[in-house]
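The two complexes that follow have chain A in common; it is paired with chain B in the first and with chain C in the second.
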Partner chain A sequence: MTDSLLSVRDLQVKFRLPAGAMTAVDGVSFDVKPGEVLGIVGESGSGKSQILFSLMGLLASNGTARGTASFQGQDLLALGPMALDSIRGVTLSMIFQDPMTSLNPYMRIGDQLAEGLRVHKGLSKAEAWKAAVAMLDRVRIPDAARRARHYPHEFSGGMRQRVMIAMALLVRPALLLADEPTTALDVTIQAQVLDLMAELGREIGTAIILVTHDLGVVARLCDRVIVLYGGRVMEEGEAEVLFASPAHPYSQGLLAATPRLEDALTKRLGTIPGTPRSGGAMLPGCPFAPRCTLKIPICDATRPPLIAIAPERLVSCHLTGAT
Partner chain B sequence: MTLLQAARLNVGYPVSGAGVFSKSRILPIVHDTSLSLDAGRTLGVVGESGCGKSTLGRALLRLIKPTSGIVLWQGQDMATMSADTLRKRRSEMQIIFQDPVAALDPRMTIGRIVSRPLATFEPSLGRAELNSRAIDSLRLVGLSADFAQRYAHELSGGQAQRVGIARAIIGRPKLVICDEPVSALDVSIQAQVVNLLMDLQDQLGLALVFISHNLAVVRHISHEVMVMCLGRVMETGPRDDFYAKPLHPYSKALMSAVPEPDPRREKGRIGQSLRGELPSALSPPPGCVFASRCPIARPRCHTERPELRSFGVRQAACHFIEE
Partner chain C sequence: MLRFVGRRLWEGTLTLAALVTLTFFVMRLAPGGPFSKNRKISPEVLEHIKAAFHLDEPVWQQFARYVWGLLHFDFGPSTRFRDYSVGDLIASGLPYSLTIGFWAIVVAAMVGVALGIAGALRRNTPTDYVAGILGVVGIAVPIFVIGPLFQVVFALKLNWLPVGGSDQGWRSLVMPVLVLSLPNIAYISRLTRGSMIETMRENYVRTARAKGIGARRTLMKHTLKGALLPVIAYLGPSTAGIITGSILIETVFAVPGIGRHFVDAALNRDYPLVMGITLLYGALLIVFNILTDLVRGWLDPRARGNG
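After this line comes the complex of A and B, so read on.
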């Protein structure tokens, strides 16, 4: 696709461990269009966060990423640290699950926000401070001019995450990577943070990749969804279509296991037997096969290809291919 | 049969005073909370972090001494029980925790961990008997006998939580307090554990106090629901009435904040999150604890604390329920 902001092709993320190599992401490809919100959903060990870390050049020292990730004409995976620094925090920003570890405890909030504008956009100290206060006000930090002079420990968890969003979006990046940004927050605070991401993303025209384990969060924010399991794409499609008619047994299982407020109260929740895959050697077949209730012999032997079953709708399952 | 009753329970923690030489004082966490639980039933306690739900759970077991109020266990006041009686009664009540791995001693075999309550409450039992009872208990929670020889670090989160449940039920308790038992687990595993708790309730006639921030999970497992905010009960009632039409504006806000896996519905909820900040537990407001965030708050709400009032079988604490 030529109109893509980000094109990831055959991304492989491997870690060297004492026990041998561990593959976290195994041949993942996807596109992000300008202004679009893409959700990557999966359970622990699915490799969802490692996709973001590899794009940001933040893999642990024993990790390597292969493949390509072209972003505005440059391959993120091929750039050195200097070149990456001219992109990170400028056109590409990231927010994390725990905002406290991403904020400098010894620096006033206003200074941390202003720094990006001064370094990357060349604003004067006064201009940058003014823009920082305006942005804090925009993310509904009460009494922003006074609060900008406070330190991170003086903010609540929800406020810190709003500060992180303010910081990430202040430079008006083309793409925001968000790694479980609301997982540590209460539902009411989570709703505020999701609102802000939706509003500001639209206002600034920033595309977002949102990584989460929460299908509800994906439903609220995302235009398109990728379901990841064992480092591979199980299914991809528009959010409304995928949630209404999940095609992969794993997506079907996940949706059935998620309790809803308006479900008929059946006696028991749907379950997926077994536990999520955690490391170990790559299986020759489908990574979900050991837990799949519908599996046939070929599932353990051969990897199902990711095939299009409709426009913008991809599924990786031998059963789908058969029909 | 009423198993557990609490009347006007107040619980607090000692905190040091402001100055070096000032006396320590009690910081109240749970205020005037009353509840009643019958054998074989589940009370869901919902609220955001800091609402006092975990403190309440511990006070019900008398793991923390309440500052005032009474807890009756099968009609008997726990405060007036002799140490010996309290110890015997304790075998009838158990607790499971949010972080399942941290709740297990890393140096003990799973078999020994599971049989600990029996070894404590029935010291006459021999080693072989303890081991075989541990294996029975592990089987009840869906783990095979060979788990008895393993250690905590060899288990996944879901398996560790099953071990926590096996330990809780080995002495055939009448009550299990479940403190956020599924919050740390993946969605597919969360559903397995919720179903297991419901099965065990059916088989063993357990009463459960299910403490959680997740309204959808609470709806699934509970018979009665209690909503707390900053240490106060905002609303209580039977599950079906509560979820069909919550009375308190706080309950309504919590419910609409829960993101559900339904993009069509969720997209309409963007921009509806609560405004305003949560008051600090250290200096609670004189009026309703929800007033600073309540969409229908009026001047009276900021000055006068609403009492819990009855509406048929339900109760709610709001000045303006009738409107």
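After this line comes the complex of A and C, so read on.
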């Protein structure tokens, strides 16, 4: 896959904790092609957000990332802070989970947007401000010229996330990392914000990695999907194919646990028994084995390799070979 | 903004009125009187002295007389320092206390904030530990221990500075200012360090880092403002306390400021002087609180608009 924009290989993210080392991401590999939207789904604690933080060099101070992440010819994981700053906010941007706290409360919205352009593109204050206002207009902030002079607390949550989107895309990055961008928002505006992000991404030609636990969001926006559990890739494939025929027992469970309008009155919502594993030592076998209803003895003993069952379709399950 | 200041000044005036009333009557409730510590004098003479200070009148009449005087900026005569009015005493002592206090707070703010930032940026390194130890020492060791120590080293051994007094211009100021600033340096540096560490964990600082604007700009434009707000909230009221003098500093370094009056006047039951000093401190506290709120409003847009 030489046409990849981002190529992550064997990514490991570990945290030093008082109780010992905790592995959040365990040998994850994937590719992002220019302009595509890749979804990473998983439950809380599956390590999905940490993948994004490690790419941005924003891991907490007790976290370390190993492996390689080749982005436009440079390994993001090997760069120092100075070199990283010529990529972050230039060709690689990020949108965070909580728009209420992710904007600087002491700075005008327009200044926060203009800042990146002034630092990275050397625009004058007036030019950068003009571009910021234009971008606010594009994310449909009404009366953008006046609103740019306002502070974050004068914006609603949905508007703040649109401001974050504007800020991230203003520099026209090649890749946008979106960490559960709508989790903190009211359900009624989630779709609106996501559509806006995807639409602008398409216009600019930005590829997006969308991390979420919401399968509906993935189905709506993503070209390809990676299903993550316990810091490992369970399954990967084109969104349509994966949703139509999930191959991994975990993906099957996830889909069964998604509410559907037509079943709302007749069927009980499916659940996956047990609770997601959090921290602790890595299991020798499949991380999902303790909760898997189809478990066979080998699942606890050895890790299933990630194998291709079709083009662009990878599954990590001992049962896949057997069936 | 003008309305805000106006309203706060009006509230401050009411506070001062309450302060005057309360202090006046609480003072009279305390046992003893201005002349009970004097050597034995005949009852007739005492009567005369009391009459001279209107202490023979009923308390409510004394109060009315005092308030009437205040409205004409007359703080009354000192019962202890004969021939001096309270206004004279404050006017002669305040400049010394003000000068020492002002420089002490300037030094404390600059050094304390710098140490705090350095400690937060180099957390758990030797820099941080040294700043931390200095902080504990500064808070824990009292002025009456550090003061004489400085006098022995810098005045008597090295002969760089005068031991005390106020007759050698800036050279007389150096030691009182330094010693007075030490506990404040310590406190401000701990406050700054904690607040910095907290702010560096804020999501908006992470957003700034994600913008790739560099560590320096992230610190200057994003982290610092939020981190310094608690420091400013502390600086305001404590400035009022520091510039009204410290009895310890003024005693150790023989400075003729007003800090010593705080304690002496109360012990001597010098009613008018106690009132005058309390009023001065109260007024300064109110003014600095208003100033603090103005600065906070200027720094933090969320603190605006309710005034």
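By definition in this document, the second predicted complex is superposed on the first by the 319 of 323 C-alpha atoms of A that agree within 3 Å, B and C clash if a C-alpha of one lies under 4 Å from a C-alpha of the other, contacts with A are read in each partner's own complex, and residues count from 1 in each chain.
What we mean here is this: contacts are C-beta pairs under 8 Å (C-beta built on N, C-alpha and C of every residue); 3 or more make two chains touch, one makes a residue touch a chain.
Remember, it's a predicted structure, so these values are computed and weren't measured experimentally.
Peer 1: Can you tell me whether chain B or chain C touches more residues on chain A?
Peer 2: B
Peer 1: Regarding the shared-chain residue A:127, is it in contact with chain B (first), chain C (second), both, or neither?
Peer 2: In the superposed model, A:127 contacts neither chain B nor chain C.
Peer 1: Once the structures are superposed on A, label A:153 by its partner contacts, choosing first (chain B), second (chain C), both or neither.
Peer 2: Second partner only, chain C.
Peer 1: So, A:253: does it touch chain B (first), chain C (second), both, or neither?
Peer 2: The answer is first: A:253 touches chain B but not chain C.
Peer 1: Which partner does A:137 reach: the first (chain B), the second (chain C), both, or neither?
Peer 2: Neither partner.
Peer 1: In the overlay, answer first, second, both or neither for which of chain B and chain C A:194 touches.
Peer 2: first
Peer 1: Which residues, counting only chain A, touch chain B once they are in their complex?
Peer 2: The touching residues are 43-44, 140, 142, 156, 158-159, 186-192, 194-195, 198-199, 213-222, 239-240, 243, 253-262, 265, 267-272, 275-276, 278.
Peer 1: Please output the residues of chain A touching chain C within their complex, sorted ascending.
Peer 2: Those in contact with chain C are residues 56-58, 81-82, 84-90, 93-94, 96, 98, 101-107, 115-116, 119-120, 151, 153, 164, 167.
Peer 1: In the complex formed with chain A, which residues of chain C make contact?
Peer 2: Chain C reaches chain A through residues 202-204, 206-215, 217, 221-222, 225-226, 299-302.
Peer 1: Would you mind writing out the residues of chain B in touch with chain A in their complex?
Peer 2: 48-49, 156-159, 186-192, 194-195, 198, 213-217, 219-220, 243, 253-267, 269-275, 277-278, 293
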